[in-house]
Structures are given as C-alpha cells and as structure tokens.
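For reference, the structures are reproduced in the following blocks.
Two complexes come next, and they have one chain in common, chain A, joined by chain B in the first and chain C in the second.
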Partner chain A sequence: MNALLETVDARPATDRRRPPSRRRRSSIGHPRLTPYLFLLPTILLFLAFKLYPYLSAFWVSLTQNVGGVTAFVGLDNYIRLAQDPLFYTALGNTVLILVVQVPLMLALGIVLSVAFNSMLLKWRAFWRTTYFVPIVMGLVAYGILFRALFDSGDGIVNEMLGAVGIGPIPWLVDPFWAKISIVLAMTWHYTGQNAIIYLAQLQSIPGELYEAAQVDGANGWQRFWNITMPGLRPALLLTVILSTIGTLQLFDEPYVLTNGGPDNATLTIGMYLYQNGFRYFDFGYASAIGYALTLIIAVISLIQFRLFKEKTR
Partner chain B sequence: MAVTATAIAAVAALVGCSAPSADDSATDGEVAGKITIWTWDAPGDGLKAAIPAFQELHPDVEIDVQDVGNPAIWEKITTGMAAGGSGLPDVLNIGIDYMGNYVEKFPGELVDLRDFGADELADEFPSGAWKSGSGADGAVYGIPYEVNATGFFYRTDIFEQAGVDIDSIETWDQLLEAGVTIKEKTGVNLYNQDKAASAADSAGLWQLLTALQGSFYFDEQGEITMNSEAGVHSLELIKKANDLGIVGDEQGSWDTLLASLRGETDVAIMPSGGWMAGVMENEAPDMAGNWGVRLPPAVEPGGITAAVNGGTYLSIPTESKNQRTAWEFVNFALGTLEGQEVVYDGGGMFPGYKPMLESEGFAEPSEYFNGQSPNAIFIAELAQDTPVVNYTSDYARALKALTDAQTRVLLSGADPEEALNEAAEQVAQQTNRKLASD
Partner chain C sequence: MTDALVGVRGRRTRSLVLTTVIAAGSVVMILPFYWLLIATTYPSSEIFASPPNLLPGPAFFDNLSGLLTETLFGRAIGNSVLIASVYTVLGLVVCTAAGYAFAKFEFRGRGVLFGAVLVTLALPSQVTLVPLFQIMVTLGWLDTYQALILPSLAMPFGIFLMRQTMLAVPDELLQAARVDGAGEFRVFSRIVLPTVRPAIAALAIFLFLGQWNEFVYPLVVLRTPESFTIPVSLASLQGIGTTDYGQLMTGTLLSVLPILVLFLFLQRHFVAGILAGAVKQ
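Presenting the complex of A and B:
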C-alpha cells in the first residue's frame, strides 16, 4: 500500500546545498566515508526490506508454479494479463472509483480545512480530531461498522432513509450501489487526512493577504478563489497524487465490504492481485499484476506532475 | 567494519529465518512442551474438549487451540507456506477443498505422517476420505477430522403449520412447489442464500444439486465440467426457486447461519453438511424438536439422494518444532475411540473414524431431532455409492467463477447456461485446463 508513497514524499526534498566548509579536514580516518557510515544502517535496511522484495517480486512475475516447481516462463504472465478480461474489469472499476471519489473527497477536504481554520468555529481542536480519527481505524472495525451501516435489510442507513420514506437501497448487494458504498466508505475514511494536510498549508498563507484583499473590497468568495486556492496548490498536488496512488492500490474497502462482488462489480486491481496470490496461489501472476499496477501508477503520477507544473507557471 | 559485519549478520538473520530446518529428531522427542493448533469455531470446540483427557496421559503438554476463523485460516496458512512454513503452528485444520492445493503448490510443507506410523490408521477411515488427505505416492498429509455427508435439515413446525408432508417430497421440483405453499401459508422462505456473495461464496447449494446428479466442477481427469448438463440444470433449479420468490437473501456469515438455526430468521429447510446436526444441538438448544433431518430429495425422480459435503483434516507442518507431541495429540483426538468421543461431544463434527461410527449409542435416536437419528442417516449416506469429487488445485478459481455466474443469474436475470459457459471458459483461460465438452 505504501510502497510508492516514498517517491512522492521524496519529491519536495529541496536541494540541500551544504555551505562550503572552510574547516580543515579532520585527520581521523577517511572523512569522506563518514556520512556513508552513518547512512549504512538505513541503506542496509532499505536493501533488505525494499529493494530485495521489489526485485524478488519481479523475478517471481517471470515464473509460474507448476506442480510445486517454480519454472521460468519469461513474459508469459504479462501476455496472459494483457488478454485477461477480469483484469480489465478490475482496471475499469478502479479507474471509475478514482474518477468519482478523488475529486469528491478533495473538494470536501478543502471545505473542511477552511472550516477548521475559521476563527468562527468553536472547539476547533475537537473537530479536527474527530475528522482525523477514521484514518486510524482498524480494518476489521471498519468492516463491521460499514456492514452494520450499509446492510440492505436492517442497516442503519436504510432505517434512516426509510424514516423519511426513501427506500430500501441494496447498498452492498447491487453492482451499482456496491460501487457507491465503496466511494462513500473511502470518503469517510480519508477525507479527514486530506483536510489536515490542507489545514497545514492554509496556515502558511500570510494573513496580510486577506486583510489587503478585504481593504480592496474583495468578498469572501473572491478571497477564497484568489488567495486560498492558489495558496493551497502545493498541498493540492500532494493530495491529488497521494489519493490517486492510494485509490489505484485500493484493497481495504472492497475486501471488507463487498468481497469484490457482486459479480466483480467492485473488483479492484488490488483485490484481483490478492485473489490470485492468496486464493489461487498463483504468485507469479499476482506479481505480474503488481508490476502492471506500478507501471500504471508511474504513468499517471507523471502526467499529474506535468499538469500541475504548467498551471503554476 | 565490525558495525558492517553485525548489520549484515542481523539482516541475514532476518531474511534467512524462513530457511526450513531439516530436523530429523523431530519424530523422536518427548511428548511435552507446548503445541499450537489453528482451527475455527466449532471444530475448535471439539479439539479443546480433548485437551483435559490428553493431559491426563501427558501432563507436561500445553495445548493452545486458536480460533483463526474460516475462511481467514486459508489465507493465513497460504502465507505461512509461501514463507517456507515460517509462522505456522504445530497442527493445522485443513479443508478437503484446500488439501490438494497445499500439497501440490507447496510440496514438502506438510509432514508425511507415515513417519509416525499413521498408515496403520488407514483402514479405520472411509477410503475416499483417507485418499483425499494423501498424496499420489501414498504419503499421508492429513488425518480425517470431519467426513461429511449432506445433511438435509427442515423445520418440522413450519412444515406442519403449512400442512406439507415432508416425507412425500421426493424431488427438488416437488420441494420448490412445497416452498411456494409454505411461503403462502406461513410467510417463511424455503431457504436463505447470499445472493450477491458479498460475505462468502454461496455455491453450496449448486454443489449439492450437481453432486446429486453425479457431477462437479471437474471430472476425474481434471477437465472442466461445471457447464455440463447437470451443472446447468442445478443453476436452473436455483433460478427457479429465486423466481418463485421463496429464497431469502442473507449474508453467508456464521452469525446469520446461527440466527437461522435459532429460528431468529426463519427458513423451512437447510441443506448443509452432516456436521450441522451437532452445531444445532450445541448452538440452538431451544429449538429442540423443531428441526428434523432426512436424506436430500433427488434431482431427477429416482436419482441418488446422497452427496459428500466436504470434510477436514488435521495436518502437521514440517516447520513444527514439536512434531512428536503434535502427532500424539492428533492421534489421540482422531485415532482413538476415547479421543473421538470427547471431540465429538465438544464440537459435534461428524467423524470418519469407523470404530466411533460403530460404537454404541452413536447412531441412537436423538431427542433433539424428535427421535430421528441423524447419525444413522449420515452413515447410510456415506455408504451410498456417491460420485468421486475431484477438487483439483484450481477449485478456488472454479468456485469464484461459479459464484459470480450464480450472482449474475440471481441478481440480473442472466441465462444459467450462458452464465455457466462463460464461467467455464474463464476457468479454462485462467488455468489451461480443458473443457470436458470440447
């Protein structure tokens, strides 16, 4: 899930130029090696727990287990993937959820962050915490909660809708509504996190800008569009890319809520990878799906970087 | 330099911890120490019940029975096996449908129990059940814990209230007609099904109906037969029942099952494994007298009325550090009459151990079932000439494809034959197996 987040986190790392040192080099040992010595534990851990699994998974993606024996099959798994209708179903579902859910969540996140930042809001710390809590909720509790909410028979949501005469909606058992349920659950889960990121960015916008705008007669809406939104741009880029990557790797929600069903309506690439690996023991094919997903994420992230860059110019 | 060496050693230790330890002394050893068992709900209760009796024989043994949950246990076992056995406990409870897959995909991960003389037990179990737990070369990978014939349970009070005589029903067509009457008279659904399969697969009924016609997902050669005439007919029956409006839509979880057993959500029939008889007595004692049991109706008039409904095994992973103790416990629980009796009383799993089946009182009429004897019915069922069930290593794929096809039929009104043909082709594409119809 988080394997690719590092790439993004590494992005804003600014060019940390060291001031040219005028001091004489210490004579003990080889001073040029010192930084590497300090980095060594991290490098070793990175090699063991990051690089090795990446390479190992790539190797596995070129193999197939036939009767307990691992055989090298070249690109067979990738060729099979290119012809697999279920993979395209999973890809389609994932992209659909991405296109609907991410804009919805980010818009909501902006609204929330502006509200959290507002001086008019009482108990601001309380509200911020409340909205951030879902992000730390465990997978099992999450599943139980949303199953209780979205049960198509006596679920809490349907009971409430029934009270106002709408009703009952087959939340988790209808192909269309199952997708909606996933979108709602994800929005609940991650909106708070994005709002907190925006909030941090909002607090870096100088208050004088707002005061000046007010003096010039800009109304609230104008201030929002011309000061807040441009100010949020770096955070927007970060959240758009993080959310895109997170959604492309989507697994938790379909796993706990719909089991990828009904009839693969909520099958995501992550779910399909999992099914092939852990249900069908087809680790070669599962690894190939993983690498295909990596490629997709890389391409989409690159496009997003480009788009945002042009806008900032 | 020393730092480097230590760090490398530490990393090597972390990475290399899954290397299998070829411990020849594992089969000797004392019967002592702690062993851990992975299982789930009711089978776990049965094994827990055997602990005090076992500890009387071996006081130094500590046994930890862990309820990992079903189906979560399969993923946990898979993960452990893929990691070379690391993290696995000393005893595994493995379903018949997963056995072939584990043995085939992870060779060498399960102890060949012949090392402990398990082959002596072979004659004490039904040969079919024993065979499914053994490799092609005769290696014994699991001792049968449960051996299940299909249990066809019905609510006596609901049938009575609707004025339907259960004994007059000989075929599934007649049963569906009765279902309509029951729904009209009492408002109760004939049975429940997880139509969207959002909580679990819901292929049990299809498997039963197909088995009653002598067919399954694969034939003995491992070719795909799920879209055979029998398979299509089964799905048509399921569609018919659904179209008649006599099928309740319930999630396929343990909790909803218990609710049905306890009469909290009423159903008129419950086709299930023979193990359900024991679960009913343990989990729904208040319903005594309201549940009856019989052979399932035939699909075709005069057709077979027996089907095998799975089973489970106890196996020992080769990574277990305490194989001797693990074996002694497995042998006590499943290979002795004394152990079988406490296990059966504790969990109600239907045993395969012949001395237990023949033991006094085992097939006696049960008060819970109005003087019927479920065990006598299951023993008779197991004795019928049921078709061989070949799960193959691709059962999980076939099951998923079937469940999806069934969901399309039940929720979107797809044509059973078309849906099954699609499913069969999908399995063929995924597995390189042939369609038997080609």
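Presenting the complex of A and C:
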C-alpha cells in the first residue's frame, strides 16, 4: 500500500524528505493536547460514519430479517451467496467488463499520453483539454447522455453507422452489445484522466535517457519499450489498481444505462448489492455481498501489487 | 528528441499524421457534448429525428421552462449548490486540520490513526451503504442536508493529501511564529494554510466535484423529490415510457454546465486535483 500511495505524491523529490531531524521541542513548544484538538472532528466523524458502519455491516451480514425481527443466523447469508447463481452472473459480468475495459482504457491512455508529450503534436494544450473534459461530467449525466446516443431505434450512433452502411446495432437491448455499450461509455469517460496521470509521470523521465538511447542506435519502438514503459510503471500500478477497484464497485453506469438488463446481462455486484438492500430490503444479504466484494477487491489488489512489484526488480 | 534524425520533410508528415489522428479522436470525445447541446434545443418529438439534427433548434427555452415548472429540478439545483458548497468548506476545515496534526506533531496514537486513514482509502464504500442508511433512519435524518454532508467529511484522501503537502512546510517557520508569541491556531491559519494554498485549491475542486456528482448514497438516503440532488433528480426524470427527452437533456446540460465553465477557468487546479485525487476514497 505504501508504495502505491507514494506514487500519488506529485511534489518534486526535494520536498519529499522529512525536515532534517526534528529538534527537541523547546519551552515554546505546543501544549500536549494541541494535535488531538486538530484531530477531534476527524476522530468523531471517523468513529461515527466509518468504523461503526464497517463493523455494523459485518454484524448485519450475520443476521436476517424474519417477520420484522432481526435474527442472528451465523454464516447463512454467506452460504446462500456461495450458492446464488445471480451473484455469479453479477460477478461474471463485473469481471468481464473489468478484463475488457481496463486494459483497453489503459492502453489508449498510454498512447494518448505519449502523443500529448510529443513535440510532433501541434496545439498540444488544446487537445489535452478536449480529451480531459468528459471527466467533469457526472456518472448519471453521462449515463443518460450515452443512453440517448446508443438508442437502438434512432440514436445518433446508429444513424452515423447507418450512413456508412453498418447496423443498426441493438446497443442496449442485446446482452452482448449492452456490455459493449458500458465499456465504450466508461472508456470515453475515463481515458483522458488516465492519460493525464501518465503524462505527469512521462514528464519526470529524464530526456538524457532518450538521447543516450538514440546515440546507441535504438529505434522508436526500442526506446518506448525500454525507457517509456519502465518509467511509467509507478503510474501504471496506480491506475491498474484504482481502475480495478473502481470497476469492481461499478454501479452508476449500469443503473442509468441499462438498469442491469437485458436479462441481467449488465447486472454488476454493486447493483446486486443495491437491489438486495434497497429494493428487497434484505439488509443482511446486501451486507454479505458487501463483505464478499471487499474480499474480492483485497485479493485482486494484492495480486496486482505483487505482480508489479516483482517486475520492478 | 525522437525527431533529430528524421529529415525535415519526414518530420512534417509525421507531425501532420499525428495531429490528424489526435484531432479525430478529439472529435469523438467532444461529439457527445455537441449532441447534448443540440438536443436541448428541440422538443422531445424531434430529438431522435432521422436524419439527425445538426444545428440548434428553437425549443431550448420551452424545455428549460418546462423542466423548471413541471419538475422539481430547480429545487434539485438549489439543493446541490447548497450541499456541495457547505460540504466543500467543512471538508477543507476537517481535512486541513487533520493533515496538520499528522504532519507536524508527534503524539500517542498517531501511527494507528493514520494507518486507519490509509486502510479506509482501499475499502469499498458500498459496504457502508446499509449501515449508513440505518444510522440515518435512527437519527431521523433521511431527506436532510446533514445526512449527505457529514458522513464523508473526514475524507481519507483529503487528509492524506494535506498531510503530504504540509510535511514540506519547514518546522523552523512554525517555531519562529511560536517564538513570536503566536498561538497554535494562529500558526495553523496564518503560516501553514497560506503556504499550502495550491493543494487546498485542488482539494476544494475535488471535494466539490465529488459531492456534485455523487449518486448512490444520496439515492439511498433521499426519499422525497423535494430533497433530491441533481443526479438523483436526473435519474428520476428518466422514467419509463413517459420521459420528456427535451427536458431530460436540458437537465443533463445544466448539471454539467457550471462544472464545465469552472473547469475552463481553473484547468490547472482541476488537473492537480485529479492527479492527486487519483486515489479516490
């Protein structure tokens, strides 16, 4: 976790070291209670709205509402979850979106950032802005917008495809194409953000490395694979883990774009949790799904973290 | 740097090709916005016309007045502005104070508390959805502003960002102020906060944008249309069958427009916020 967070630190390396050995506090030091006063709001809010809910969710996941009375049922919710075909559908959908969308988006992000960084590109600042703009759009807003664009009957996307003799494609009503729609919408929304993160990392790679490689006769591809990609690794690790965590919690897009359909083809774990909790008011089961999600995220993040760390050596 | 060995002509061609490709991609990125803009100017019946409308129509003000009089969207705008603003101000206070404590003081429990902040960064927020709902029911806070504002004020990412930034403020500066007789609050507000102003600006944008666009949690704790925020209101406008697309698209535009304008003025801070905010929740 620490190395992951380290990469977020965008300040120049000189600022990063701690101030040289803290001097012993003189008589004009601060009163001992001072740090606790500054932390008081955080501690109170944290206990009330983070720690308590997390612990409470675990307790709730061990209970069931039977005829209006909350009853302790042990691991029943988890056993039910392990045998629930709909949960596996949701898990499968989520993982499928993950393995298609995340690599696609990250690859595009890398290509874009290299282009943004290249002297060959004219009006760089302008293009950067246009690719970054989708980020400001809220998930619901762009979900609604893409639903209109992908409208199977007469959405503009099919109109345009029709003009070149393709389609119409049943974007939101076909199980396969509904997943593609979500992947496309997410890619549109997030690619610019990743490109900007990579660009910041690219600018920290010293130019001499490229010059030296050039003198040694390395061609463009060799320079990309041997200098650019290794240089990008910290940003890559960060974006891979964050996109994974984000996608595993996917909720807004399928809720607005497809409402989980057709025939549960875009039901995600996040949506399934919401449905059980707030449509069927089965709080125990919803909480069990939440903890299963936590476990899945922890395992996947750990694996990714390990993989990247080994490659770095 | 890659271009030194390529002749001037080759360089020009490559530059042209690259710029064209990026420009084409940029059109794809902007096209949905353009379509949205056009869609707000047509009545529902003509939004999905074939061939599609490419130039603005006459119905924008009809859509706008319909949206504001026939639905509670105006109310939702007010709610969102108020909630996001108050949330941003309070969030800044909480996060800067906590960041300061973690960065500049040694005290018992610091390691444990900061560890807790870091762990919460990685936990999925959906786990707390049910308990938070139950807390709000118990407190009688469903449909209230505080239900939306309080729970995420002590944002782990914000605290982390503030701590990192404040570590770089020299201790000598603080000690000098103390020698001059400044109280602890004065040191914090007059010395530390002004020094880290750029990071505060980035965090402010990050907080505002996050709250403005937040969906699932408000969806859970807001029950009556009078209390809806913009995203919840938009989702509710998108009913089955009877959706007025002209109004829906106008609402969608109104939800993006203020942020878009802000973005064009404050681009640098936005980018800083997103870069730092790459660690969301």
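One rule holds for everything that comes next: the second predicted complex is superposed on the first by the 270 of 313 C-alpha atoms of A that agree within 3 Å, B and C clash if a C-alpha of one lies under 4 Å from a C-alpha of the other, contacts with A are read in each partner's own complex, and residues count from 1 in each chain.
Note that a residue touches a chain if its C-beta (ideal position, glycine included) is under 8 Å from a C-beta of that chain, and two chains touch if they have at least 3 such contacts.
The shown structure was predicted, so the numbers you read here are calculated from the model rather than taken from an experiment.
Asks: By the touch definition at the top of the document, which applies to A:Leu104: first (chain B), second (chain C), both, or neither?
Replies: Neither: A:Leu104 stays clear of chain B and chain C.
Asks: Could you say whether A:Leu161 touches chain B, chain C, both of them, or neither, answering first, second, both or neither?
Replies: It touches nothing on chain B or chain C.
Asks: Applying the document's definition of touch, where does A:Ile245 land relative to chain B and chain C: first, second, both, or neither?
Replies: Touch status of A:Ile245: second partner only.
Asks: If we overlay the two complexes on their shared chain A, which of chain B and chain C does A:Phe283 touch? Say first, second, both or neither.
Replies: Touch status of A:Phe283: both partners.
Asks: First (chain B), second (chain C), both or neither: which does A:Pro262 touch?
Replies: Only chain B is touched by A:Pro262; chain C is not.
Asks: First (chain B), second (chain C), both or neither: which does A:Leu120 touch?
Replies: In the superposition, A:Leu120 touches chain C alone.
Asks: Where does A:Leu172 make contact in the superposed view: on chain B (first), on chain C (second), on both, or on neither?
Replies: Touch partner of A:Leu172: chain B, not chain C.
Asks: Quick check for you: in the superposed arrangement, does A:Phe46 touch first (chain B), second (chain C), both or neither?
Replies: In the superposed model, A:Phe46 contacts chain C only, not chain B.
Asks: More residues of chain A are touched by which partner: chain B or chain C?
Replies: C
Asks: Enumerate the residues of chain A that count as touching chain B in its complex and touching chain C in the other.
Replies: 37, 41, 45, 48, 52, 151, 153, 278, 283
Asks: What residues of chain C sit close enough to touch chain A in their complex?
Replies: These residues of chain C touch chain A: 1-5, 11, 14-15, 18-19, 21-23, 25-26, 28-30, 32-33, 35-36, 39, 47-52, 93-94, 97-98, 100-102, 105-107, 110, 113, 116-118, 120-135, 150-154, 159-160, 164-165, 167-168, 170-171, 175, 178-179, 184, 188, 209, 212-213, 215-216, 219-220, 230-232, 234-235, 238, 245, 248-249, 252, 255-256, 259-260, 263-264, 267, 270-272, 274-276, 278-280.
Asks: Name, in rising order, each residue of chain B that touches chain A in their complex.
Replies: Interface residues on the chain B side: 3-4, 7-8, 11, 14-15, 74-75, 78-79, 82, 101, 104-108, 195-200, 249-251, 393-394, 396-397, 400, 403-404, 407-408, 411-412, 426, 429-430.
Asks: In the complex of these two chains, what residues of chain A are touching chain C?
Replies: 1, 5, 8-11, 15-16, 18-19, 22-23, 26, 28-32, 34-39, 41-43, 45-46, 48-54, 56-57, 60, 112, 115, 118-123, 127, 129-142, 144-149, 151, 153-156, 159, 188, 192-193, 196-197, 200, 207, 210-211, 214, 220, 223, 238-239, 242, 245-246, 248-249, 251-252, 255-256, 270, 273-274, 277-278, 283, 286-287, 290-291, 293-294, 297-298, 301
Asks: Contact residues on chain A for chain B in the complex?
Replies: My answer: residues 37, 40-41, 44-45, 47-48, 52, 65, 67-68, 83-86, 151-153, 172-175, 178, 257-259, 261-264, 275, 278-281, 283.
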